[in-house]
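Presented below are the structures under discussion, each in the form of structure tokens.
You will see two complexes here that share chain A, one where it goes with chain B and one where it goes with chain C.
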Partner chain A sequence: MASDQTQLIHGLNAMAAGLVLLTAFGMVATRQVQGVMRFFIVQSAFLAASAFLVGFSRGSIHLVALGAITIGAKVIAIPWVLKRTLPGDLYERREIDQVINIPSSLLLVLLLAIAAEFLVGTLVSSTTDPVVHVNLPIGLAGILIGAYSLIARREAIPQLVGILAMENGAFFAGLSIAPDLPLIAELAIAIDVILIAVVIGVLTRDITRTIGTTEAATMSELKEEPQIWR
Partner chain B sequence: MVRTVIYNLIQILFVLGFAPLYAGVLSRFKEIIQSKRGPSIFQPYRDLWKLFHKDEVVSSETTWIYRITPYLVFIVPLFVASLIPVLTDYPLAFAFMGDMLAGGFFLGLGGFFAALAAVDTGNPYGPMGASRTRMVGFLAEPVFMIVFFTVSFVAQSTIPYIVQKKWVENPAAFFSPAHVLLLIAFLMLILAEGGKIPVDNPTGHFELAMIDESKGLEFSGRGAALMKWGGQMKFLVLTCIFLNVLLAPWGLASDVLVGHVLLAIPLILLKILLFTIVLVMIESSLAKLRLFRISEFLGAAFIISVAAMIASIFSSSAA
Partner chain C sequence: MALMIAVALPLLAALLCWIKPFRAFVWGITVVCLAGSFAAAVVIAAHVLAHGQIIGIPDWFEADGLSALVILLVSFVCTIAAIYAGGYMHHGSHQPARLWWFYCNYNLLVFALIVVPAFASPNLVWVGVELVTLFSILLVGFENTPNALEAAWKMAILTIMGAPISFLGFLALYWAYHLGGGGTMETWQSLYASAAAMPSNQLKFAFLLVFIGFGAKSGLAPMHTWLPDAHSQAPTPVCAVLSGIKTSIPLYAILRLLSIVLASPEARIGNWMVVIGLVSVAIAAFLLLQVRDYKRMFAYSTVEHMGIILTAAGFATHASAYSAVAQMMNHSITKSLCFYTAGLVLMALETRQINQVRGLFRISPFAGGALLLCSLAIAGAPPFPIFLSEFSILSAGLKSGHVAAVIILAILIVIAFVAIFLQVNSMLFGEPSQAAKPAVAPRSSRTAIIIAAAPIVVLGVYIPGPIHSLMTLAAQQLGGH
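Then we have the complex of A and B:
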């Protein structure tokens, strides 16, 4: 009975992992800023679900608390902070002009996911823990995909979401290999992430107010003139 | 042996009989969600009845392809229905004829002849719709292939019955990331192949925007009825594959008792009803994609299916 239960938990964890990977693809595939943000929120929710499940199966209170922190910081606080700091028209509906078009970006991202599975393969084969087998490659894929969208996106907010997605990937991989990381470290990271969101949000708001756009491609002629920063 | 033949016929009759009902329920739900009342769920039966009693007009310019296409489009889903698990979880009398790839090829054959017939008539809208369907078709093809390969890799077989058993007996495989990704990819595929909303608008009556519908514009009377019925059955068959083999492989009859086989009918109808609700929500909350965005949609499906394959290969080589 007990083994059935752990098997079910591992199954559900694997399912959450699949959905984390799927939402990472979704973040690359959507044009709308709002859509990218939504995918990030959903990804964080699955991340928290995975933390709860792994915490439950290993009897680790740290991971359960971690899941709660994730929900508090990433599902509630960061979207709220960004909604407050950013002007509405920036956040709501804007088509993003990308460096690489979406089908090619998806193919690149797929290559990154394959590379992640391949790189972690030898590392993972040293253990038989199913959680590590599932979480480590997908977490690494999440980091790489986040880094990719940081490079390929031109708008400020999707770039910010890229950073946060990298953090999500690191978290997802970390929760399988470091289950007993001190809570204080995790809390520090969570607060750090919120602070990043606040800082970038405020910066983006000021940039849009003075320049009128947040598209990184049009900012190549940005000079160090004092009036631009008021 | 005699029994399995009879059950196989029951399975085919099930697809034959309930396909119009499925289409009717789907359109009724859609109307309800758009706060209209909508036609009765039995309206597709009446449409078919009406079409069967109308005269058929066949252009003298057409060839044999045009004549045989309605019959092919009608028969092909029935063939596939005898290969897949609709009511039972053990292979029935005719299931030895082919695996899932054969089913895919059969459905592709129907689509191929429908496209040929649309070109055959010389109606300006027909070839346009046909070429668009081919576009969707060739974009969907790699996804179909990868999904089938992944499924057969996981289950070590391409027979749908064995695949279905694999998910039932092995919950770890059922919950694996590969399976979740496969489900999403196959759902996107069903939406594309069935001409549902993010790809095609099945209720649109504007010829220039049609993808799937315009192939049947030239058909009248019995031919139109067969084409329509065939299309509905194709969608029901695809839904049965999705539900019974991949998404919810439970509730099928596992022995030869008549009662259990008959009990499987309401269970699969219930599953289809729940799936219909999901489908209606998808169709009502999304807008139809522009034609050249379809490649993005199916590209995403392809990426998801390849990710599923990679995940299954790596997880099984590690385990």
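Then we have the complex of A and C:
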């Protein structure tokens, strides 16, 4: 009986993992700022679901707390904070510029996900825990995809969401390999993530006020000009 | 107790700067609290010298030799930068109404800087380093000019991108610690104790991720591109703290982790550190030749010194660990002096371009003398401490058998020396190009420069016994055989 239940939980966890990866693809494929944000919220919810499932199967109160913290911070607090600090037109229906167009981006992101699987190959082979086998490669893929969207997008809010998606990936991988971190560390980390969102939100607001745009591509005043020594 | 005081005082100062009735005295509050924090750091160092370590809250706040030295450096540099800020921030175009915000933020940054070496648990060190990054981003963008905001944005993207990567690294470290049969509380010391039992694959994975994330924050090439922008656009006292000590803080965490990885017999990564360090030194040395802005020049010199420290740590002997610690200390105190001087030049001439500054000695003998002193010291000329530590790095490298690396490092150091000298030479001598009226630097800024210059002059010829023993203790924590 017990093994049936564990099997079910592992199956559900694998499904949550697949959906986390799918929402990461979704973030790359969306053209609108609000859409990216929605995918991020959904991804955070699946991350919390995975934390609850693994926490339940291992009887770990830490992971349940982590899931609750994730919902509190990423599904509720961060979207609310961003909505408050940022002027509305930044947040709503804006089209985003990309350096690389969306179909090619999706192909690259797919390659990144495959690369992540290979990168952790030697690490997961040392354990038989199925949760590690699922969560570690997909979490790493989440980090890489977030980093990709950070580089490819030239707009402040999608870049911030890219960073937060990287955090999601790190948490997703982490809940399988470090299930019993001290609670204080987890709380501190959650507060840190919110602070990151606040700081970048404030910075974005200042940039819009002073420079008038949040397209990072237009900011290229500071650089080293090559010169021949006098 | 002293440890808790050293951590709490900057936090108290930040709180006081935020409360409205105190906003008229923000500078005084900051200087007094940080000086108190420095006094506490001296007590910590004395206690560590006598007992080997100091414990604030067991398993949470602890300091050994390395931590005590870093806390001492942080509080020293930050106190002097606060004194310097008194004159600098009232000079020029800063809005007085926002000064409290500057000091509040500055104190929070100092708090985060002190708390990182005081934390015993690696996971909390990650939190501390992220706090350092966030507060410094806000300070870089403080002036709210388009250039400052651009610098802050670049810094935010590149350094915060490292946060999730290094976070997964610390979780993987925890994983390795548990697979190696570690206990419930993960501290630097328990990690070091069980290093040999940890699986080397997990350990290397953890180190790689932390190195990518924190290397970007400490300005190691190729993730250094944000550093010259941020360190040239921030208000000068902040530049001094950022370049002098903030870059060393993530490096401190990297060095701690490196000592754990080096203690594991299968993970051989010392030589990789040497290579990556040399790449940073090389990139910085050649950029120093073509830089046009003197604040950027000192910023590139920071990249160079971070590379040198990493190279020294990669040699992985006890002698090289000692010289890496010495280099870290000497770089902190010298580089902050460089930025104080650069701020003086900026206040007098209102330009950051090297080719618009001519005949500084005639315009302002004090600024000229200080610039000559600090650039000699930072480039590593003989009677100054950086010369000593660079020399001992080279000799430690020779003894550990890294002959090729030592030769390359020596050549690159000479190139950087020549580059800094050509640049500074053109600023110091010659006819003043404009009819500049000799601007008098604020008294607090001149005082700060004189205090900051004192240890540089002294440490080059004489290292006091306690400081030597503290550095030896710190080098022991960094391991090496």
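To be clear about the criterion, the second predicted complex is superposed on the first by the 220 of 230 C-alpha atoms of A that agree within 3 Å, B and C clash if a C-alpha of one lies under 4 Å from a C-alpha of the other, contacts with A are read in each partner's own complex, and residues count from 1 in each chain.
By definition in this document, a residue touches a chain if its C-beta (ideal position, glycine included) is under 8 Å from a C-beta of that chain, and two chains touch if they have at least 3 such contacts.
Every value quoted in this text rests on a predicted model; they were computed, and no experiment measured them.
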Side-by-side fit of chain B and chain C on chain A, or clash: fit
First (chain B), second (chain C), both or neither touched by A:Val42: neither
Chain B versus chain C as contact partner of A:Ala14, first or second or both or neither: first
Partner chain(s) touched by A:Ile102 [first = chain B, second = chain C, both, neither]: first
Contacts of A:Val134 with chain B and chain C, given as first, second, both or neither: first
Touching partner for A:Ala113 - first (chain B), second (chain C), both, neither: first
Which superposed partner A:Phe25 touches (first chain B, second chain C, both, neither): first
First, second, both or neither for A:Val81, with chain B first and chain C second: neither
Partner chain in contact with A:Gly121 - chain B first, chain C second, else both or neither: first
Per-residue touch tally on chain A - higher for chain B or for chain C: C
CA minimum distance (chain B, chain C), superposed complexes, angstrom: 17
Set intersection of chain A contacts, chain C complex versus chain B complex: none
Footprint of chain C on chain A - complex, ascending: 120, 122-123, 126, 139-140, 143, 146-147, 150, 156, 159, 163, 166-167, 169-170, 173-174, 177-178, 181-182, 184-185, 188-189, 192, 195-196, 199-200, 202-203, 206-207, 210-211, 216, 219-222, 224-227, 229-230
Chain A-facing residues of chain B, complex: 171-172, 174-181, 184, 295-296, 299-300, 303-304, 306-307, 310-311, 314-315, 317-319
Residue ranges of chain A in contact with chain B within the complex: 7-8, 10-12, 14-15, 17-19, 21-22, 25, 29, 102-103, 106-107, 109-110, 113-114, 117-118, 121, 124-125, 130, 133-134, 137-138
Chain C residues within the chain A interface of the complex: 121, 123-124, 126-127, 130-131, 134, 137-138, 141, 144-147, 149-154, 156-157, 160-161, 163-165, 167-168, 171-172, 174-175, 178-179, 185, 199, 201-202, 205, 228-229, 232-233, 287, 289-292, 296, 355, 422, 426
